[in-house]
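These are the structures, in structure tokens.
Common to both upcoming complexes is chain A, partnered first by chain B, then by chain C.
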Partner chain A sequence: MNFTAFVDAAKDGILTGSLYALMATGLTLIFGVMDIINVAQGILVILGAYLSYALSVHLGIDLFVGLAITIPTLFVVGIVIEKAFLGRLKGPEKTAMSILVTFAVALLIEGSLNMIFSVNPVQLHAWYVNRSFSVGGIHFAYIYVAGFVLAVVMLSALYYMLYRTRFGVSVRASLADQASAALVGIDVRRVSTICFGIGVAVTAAGGMIYGATTTFNANTSYDLISRLLTIIVLGGMGSLGGAMLGGVLLVFVGNIVGVIAGPIWSTMAYYVLLVIVLLVRPQGLFGKQSARVA
Partner chain B sequence: MLQKKNLWWVVALAAFVAFPLLQKNPSYQTIGVWTLLYMACAASWNMFSGYSGYIALGSGVFFGSGAYTMALISVHAHMAPGAAMFWLVPVAGVVATAIAVPFGWISLRVRRHTFVVITIAFFFIFQNAASNLSFTGGTSGLQLPFITWGVSYFDLPFYYVALGLVIFVTILSALVRRSRFGLQLLAIRDDEDRALGLGVKVQAVKITGFAMSAFTIGMAGAVYAMFLGQVYPAGSGFAFDPLFDLSIAMMSFFGGLGTLAGPLIGALILESAQQYLTVNYSNGSLYLILLGGLFLIVFMVMPQGIVVAIRDRVSKRAQREKAAVADNELLTAGAAK
Partner chain C sequence: MYTKGKLFRTLGAGSLALTSLVVMATTSGASSSTLAKGAPVKIGISLSLSGDFSGDGLAFQAGYQLWANDVNKSGGLLGHKVTLDIVSDASSPTQVVTNYQKLISTDKVNLTFGPFSSLLTLPAAQAVSRYGYAMVEGAGGAPSVFNAKLHNVFDVALPVANSLVPFATWVSSLPKSQRPTTAYYVTSNDPFTQPQLPVAQKIMAKAGIKTVGNQVFPAEVTDFTPIADKVAAAKPQVVVLGATDVPTVSAFMQAFEQSGFSPKVFIATAGPDQGSTFIKAVGAANADGVMVPNSWYGLAANPQSKKMVAEYIKKYGGTPAGVNADVAEAYAVGQVVAQAVNATKGFDNAKIISYLHSGVTLQTVLGKTKFDSLGENPYMTAYTFQWQGTTGTKFVQVNPVGDPNSVKIVFPKPVWGK
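The block that comes next holds the complex of A and B.
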């Protein structure tokens, strides 16, 4: 174990972690506004990756240019899922049902992707995917840096939307208290639908970088969704800041443990971290402590 | 009350007992074994999650632990392959229950939404451990003593043991449902804070229910390992399978969450359909599409599950008939005047 390995682990933790933060932000936004746990988020990331794959292989469109197509496409996919199924959920079992409904949606997408693209793992390719530059002896892969920039840009846009626009006020009001938001005249149904669309749309960007940095098939979505769920629980469900910190922390801790104890323990590390955090703070790092959470 | 309702249970039981005697095709008998194992797991899962409203998605931990208990003991004790290995099934159930107590103690400190996700995290901790520890045989898993009894009746012992598990868990669920303990679980589902205020020891009740549901799932895992002849930590259809958790939850919702017959019916339909598709078309992707699509359709048409939808329809018809009879009586009474 040496110093450079630590620096690399820390650097990757921040660069890759920001992407997980982006994908988890979509998930926690959906949960906070709608009380819905979208377990299809993992397969939607893969769907985004496959869309980029199809565009680049069959039409020769650059991965980053392709985002102009994949992000709106996934936004529409999200709206359709919300309108068709999730909007019908109500009652005390709403959150539990949402897990199963989105899981059913995930299975439909998984089965379809398997049939269209086969189960053989693929990876996204472009001239910049395997190149890197070095600053002060530390190597930076272009794709990781690009992913970091992309995540920061999208998260900033999201924050701008939430804190500087009228729609953002409605979203934050719905996050805080749906009944009161409805009472002051906010169309909570519409806000929910659009939030779901946004929460899903961010997976297009996450999926593209994910697909460029690792091989994937539809089955890798299980690994993804378990990480994303861990992140939002760690950060506190419904907390946007918690999702960002959780994302970076997860990859960071995983990498550091990987350096110290070997890569096989890095996955285990963040699940153990999660359990420890929850023993001390059951509501997560930034979760709201409320007396009555059914 | 006894007659009509219980008659259905007797008929169903007779059909399950008779099935492998009438259907000699071993591949269909194998489907029967898988289906019964899933029925036992779904019913056992429902006994905690359905009654208490705490949706657990980490029950694969119990299934996998049960499978590994069977594998580890039979391998290290150099057991002779044969029916004696079935004695390990309850042992596996006890091990699963013992694991469920600390698991429940940690994960049940939080409320429902977070509980779901923590159970998922626990599942991955166990899956990782099984893949990486040396005594579990790492990713290559363990080979169990190879069972050599006759090919013509190979499936039968497994089938009837699995059926025994289903009967056991059904009776247990019915007893829990009628007991004071069962009412406490239902009270937690309806309003946990009020239940606490009324003096229900919610934490103890929840942990007990969670551990009880682990027992049968662990036993089913042991039968599974013995039937398969080997255990692997990860991958589709192996000891720690994330689809397992979601499947049994979906089966229970599909049939009717919190009802006695619902999870059994849900598992019967979904698991036999999956196995049938796998055997005849060997197409897992098609099954995923069908499972997802079927669930969404049932969800749209009968959001409460099959059993509740049918029960509502029957009771509505009974009400209508009663109303019609009452109307007739009024009419005849009026005519007589």
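The block that comes next holds the complex of A and C.
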């Protein structure tokens, strides 16, 4: 086996895996706080990519600068979705119903994007998208490194928010026991709405990096959501750390097996790992019964 | 409990009902062969308007609609206005079967045109053949489609297995001092792409071009970086990529550039033929020198093709180089069926199938079209096309070398990112 190819595969696993982790973060946060499985997360990532595309192509705004617009925009989109559709879900069937409702939302967004941008695939372009730097003969693409840094920064910010702020206390209290949280004066409904907004807002960053590394159209969301759901199941639904580890494992294991045995086996290898983990630890690597946000 | 007589009566009635159903099913095609005066002729088509092949599906839709408009402008088919009944299969080989069954049995279409890609054409043609319908198509040229030995399928485009022959012959014929010494063959496990690479590999290996890698990846892969990195690590001078779409080619090109790798020769089985969609994805500068095999391009000298391209640009805008080859293939499907309908003086699918198997030569935007016993069109010439320059507007025929319409090949391909 070519050693360079092996090192490249490991590097790609970590860098690309962190990108998937960034996209899965919102999904796991929303589930952790609201018990909602947001299957629209894939199309929201693509929406984030298209927003960056529109700003870049029509207004000439740099992809990273554009995040200052796309992140708040998607936060508002999240709030609207939560207020209009998800806030109405109540009772023991809430989680199951959320799958149907968010799927409907996904179809609505997909149809709109197809109408606005057509189904012809596009990609985000900037001077740094195809460039790389070399360390010890190993090439590091700027965009993947930037994606990795962005993932670490955003995950750290989310941790800080959850464990070092007053709002984070409210979130964790709501998560532990909604009735008790309400009794001590926490507006549980408001906390849920804001969490959903944050969960959707982080997809703007994930979508921008994804759009710069992959040619996409609205239909690409189907590939994405299956991957994102697999990541959070492996990492443990509701766990931010689990999303990070699940994302990296997903790509890392696939890449290494691809190099050793050929790409035809890489996808299967990951799912074998998933099955083994779920047999040994059904709640996922970092999943918890009582408090899901690790 | 059944008595003997009652049992036979029940079995008899059951057999009669079953026979009636079979007769109804097998003759439903024939029932649509006659049309009342003034009634439109309905053509059923399943296309990938979403999913992996949606870019190609939309281009096919444009080609079919362009043809239908032209036919209707000139009075329709045998005086009947053409209406297209197009449904989306979301690029699914399962959905495409359901669609054609519905089009024939519920919508009662008179004729069927093919979907996009060999992957979908085979199940579609099998489904349609059960109803006795002809399936003329423009994007199902893989050997797997014809190995099924269906009597009703006709592909107006080039059979895919030999698509890379002119390219491989050209590389092999280069003077030894210029000839690349190493090649990497990497392909999706798709019936359209996979058969093409071994043919090229055999020719190039015979010329002493060493194979440094040979990889097949699953069609459902979405992250191509590790595969592309593995190719780049082998540093081949020629990369032959078996791809069905723009995203795959774009992903490989991006990963190559990020790895600081730029082969002297880069050809993809499909993707670069997608006109402006390809340019938008990879950037005009990076397209310079990229090659693709095909049997048609927007600047083809064929007068029918020129007329169609002018109409396309009038309706959709763009440049001749930016017109997707799928448009021409779809248009040619319509032309073939129109000529068969006119020759057989009706919409009887059995007669249309016999006519197309008769060895008759037809004229289309793709050039002369003639089908062999399997429904392939082996008389079509394989060409190689190349993007040249950095404006994204110059898509030219470069192979076969010596053909009056072929221009000089850009070789070696300019280095990406410079």
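Quick note on the criterion: the second predicted complex is superposed on the first by the 288 of 294 C-alpha atoms of A that agree within 3 Å, B and C clash if a C-alpha of one lies under 4 Å from a C-alpha of the other, contacts with A are read in each partner's own complex, and residues count from 1 in each chain.
Following the convention adopted for this analysis, contacts are C-beta pairs under 8 Å (C-beta built on N, C-alpha and C of every residue); 3 or more make two chains touch, one makes a residue touch a chain.
This is a predicted model, so every value here is computed, not measured.
Bringing the complexes onto one copy of chain A puts chain B in a clash with chain C. When both complexes are overlaid on chain A, the residue A:V152 reaches neither chain B nor chain C. Contacts of A:H139 after superposition on the shared chain: chain C is touched, whereas chain B is not. Of the two partner chains, neither chain B nor chain C is touched by A:M161.
When the shared chain is aligned, chain C comes close enough to touch A:D12, but chain B does not. In the overlay built on the shared chain, the residue A:A68 is in contact with neither chain B nor chain C. In the superposition on chain A, A:L183 makes contact with neither chain B nor chain C. Contacts of A:N217 after superposition: chain C is touched, whereas chain B is not reached.
Contacts of A:N114 after superposition on the shared chain: both chain B and chain C are touched.
Of the two partner chains placed by superposition, chain B and chain C are both touched by A:T267. Clashing C-alpha atoms with chain C after superposition occur in a single stretch of chain B, namely 149-157 (options considered: 149-157, 185-193, 257-265 or 293-301). Taken together, the two complexes place residues 114, 119, 219, 222, 264, 267 of chain A in contact with chain B and also with chain C.
Across the complex, chain A meets chain C through its residues 2, 4-5, 8-9, 12-13, 16, 114, 118-123, 125, 129-132, 134, 139, 141, 143-144, 213-217, 219-220, 222-224, 227, 251, 254-255, 258-259, 262-264, 266-267. Looking at the complex, you find that chain A touches chain B at residues 31, 35, 37, 85, 88, 92-93, 95-97, 99-101, 103-112, 114-115, 119, 219, 222, 226, 229-230, 232-233, 237, 264-265, 267-268, 271-272, 274-275, 278-279, 282-284, 291-294.
Residues 49-52, 54-55, 57-58, 189, 215-218, 220-223, 225-227, 229-230, 233-234, 245-247, 250-251, 254, 257-260, 277, 280-283, 286, 416-417 of chain C are the ones that touch chain A when the two sit in their complex. Residues 53, 55, 57, 106, 109-114, 116-118, 120-122, 124-125, 128-129, 131-132, 191-193, 236, 242, 246, 249-250, 253, 257, 284-293, 295-296, 299-300, 303 of chain B are the ones that touch chain A when the two sit in their complex.
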